[in-house]
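Take a look at the structures listed below.
Here come two complexes built around chain A, the first alongside chain B, the second alongside chain C.
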Partner chain A sequence: MFVAATLALLVTMILTLFRALVGPTIFDRLLAVNSFGTKTVLLIAVYGFLTKRPEFLDIALVYALINYIGTIAVLKFFEYDDLGSGAYQEDDF
Partner chain B sequence: MMWIIWILSWLLILTGCVFIVAGGIGLVRMPDLYTRLHAASVTDTGGAIFVMLGLFLQALFVYGSWFIAAKVMIVLFFTLITSPTASHALAKTALLSGFVPTDANGKPILDSPETAQRLARSRPEAS
Partner chain C sequence: METLTIMVLLAFLVVIAVGIIVLRDLLAGVVLLGLYSLVAAGAFVVMDAVDVAFTEAAVGAGISTILFLGALSFTKHEQKPRGHDSVTALFFVAVTGALLIYGTLDMPHYGSDLSPAQTHPELTQHFLHKSDSEIGIPNVVTSVLASYRGYDTLGETVVVFTAGVAVLSLLGLRRRRPEEEAPEDAPGDLPTVPDDEAEHK
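For the complex of A and B:
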């Protein structure tokens, strides 16, 4: 059962990597990377149950949150061309 | 008695796998960025919910500990919160950078990238 889920996840990860390589715009690539991250969360959780070590769920939780923060950081950089500077606060376009 | 749990989690995880593979194929075959966003979120929400429900049953009855089941639910909770937000932020930034969405036969919906930027702007223009 868990092996079937792991295989499905690995196949989908290959498809997502293909989209990441081929994706015409930057946002396709970012979408593929974000989607790859959430699939890794599922893979970690399922693998944890596959090897009868449910402690993997903590890793899956941390990975889910870090993946989200990474995506939002890249998007913020796209939108404001700078991560740290507060210059855009007042005259935000 | 225990075989009911195994059959139920089998069904749930297989449904999750169907969603995951369907989303993966959709991610590759969809023509436009915005349609791919939909395909990617099919895997995030559909796949995550069914697989995590299957794991929830496993954790609750086979492992017999409610704590692991609670952890599965927490992971599902955060996945279901973060992935739609990320998809929204991605679509907003794409629209903001003037990427005009097209309809079924490739005709752009908005007349120009400037209108796309105006639509996506979070605050009124600082004029």
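For the complex of A and C:
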């Protein structure tokens, strides 16, 4: 069963990777990359159970956090064209 | 199954790398670089190098992406079309890659029973059983890293330190050059405003 799940995840990763490379707008790419990161997290988790080492679940959690931070940084860059000058903070919130 | 997973992940790496080279949009390139690191870290996990994978994910996918975005906010989002032809660059990249591959030919293959860790099992036993009494650190990985191969780690730290000093001198010197008689401040300080100087004097 875990073999089937791993194969399915790999196929899904191929599909999202296609969208990330081809995607006409940057939003397509970003969504695809974020989704691909989630698939990586899932793959590590499933692979841990496949090889009878469920402690890989912790690593998958850390990857989920890193993926989240990266996406937040890119989105912030989209919104402000900048990462942290601080000039906008009091006006915009 | 393991071989298949590793091969698919490595194929992803190749596809993403080609995509990064071909794309003109720098922001997409940065995003794809983060993805590249995440996939590389996933491949490392599958190949049982969990600590290497952690470093790759934290540095490659986390910090590097944010640093690249910070650099991108100082420049444009679109790569300029190159004026010169890139045949020379391609040649040097190919030569460097061939040299690196040549360097790996001496190494034992992945999972080989001829690797030093397999041919000297008494070393592994020594590290696992004696590190508590010899070094006194509960974590064996840490005691190997910081004590048994301490000179190696010291060398790595010197390399990282040198890189940091070089970057700081490149960034810091240009900022402070205009004011000749500036007070000796630590590198990385904010540029001193005239009001501050008046206070100092």
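Everything that follows uses one rule, which is that the second predicted complex is superposed on the first by the 89 of 93 C-alpha atoms of A that agree within 3 Å, B and C clash if a C-alpha of one lies under 4 Å from a C-alpha of the other, contacts with A are read in each partner's own complex, and residues count from 1 in each chain.
The criterion applied here is as follows: a contact is a pair of C-beta atoms (placed from the backbone, for glycine too) under 8 Å apart; a residue touches a chain by one contact, two chains touch by 3 or more.
Keep in mind the model is a prediction, meaning the values are calculated, not measured.
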Partner chain in contact with A:30 - chain B first, chain C second, else both or neither: both
Which of chain B and chain C A:8 touches, first, second, both or neither: first
Which superposed partner A:81 touches (first chain B, second chain C, both, neither): second
Which superposed partner A:19 touches (first chain B, second chain C, both, neither): first
Which of chain B and chain C A:68 touches, first, second, both or neither: first
Overlap of the chain B and chain C footprints on chain A, listed as residue numbers: 13, 30, 67
Parts of chain A lying in touch with chain C, wherever the complex brings them together: 3, 6, 10, 13, 17, 20-21, 26, 29-30, 33, 36-37, 40, 43-44, 47, 50-51, 56, 59, 62-63, 66-67, 69-70, 73-74, 77, 81-84
Contact set on chain A toward chain B in their complex: 1-2, 4-5, 8-9, 11-13, 15-16, 18-19, 25, 27-28, 30-32, 34-35, 38-39, 41-42, 45-46, 49, 54, 57-58, 60-61, 64-65, 67-68, 71-72, 75, 78-79, 90-93
Partner chain A, residues of chain C touching it in the complex: 1-2, 5, 8, 12, 15-16, 19, 23, 25, 27-28, 30-32, 34-35, 38-39, 41-42, 45-46, 50, 53-54, 57-58, 61-62, 65-66, 69-70, 72-73
Interfacial residue positions of chain B with respect to chain A in the complex: 6, 9-10, 13-14, 16-17, 20-21, 23-25, 27-28, 33, 36-37, 40, 43-44, 47-48, 51-52, 54-55, 58-59, 63, 68, 71-72, 74-75, 78-79, 82-83, 85-87, 89-90, 93-94, 96-97, 99, 121-123, 125-126
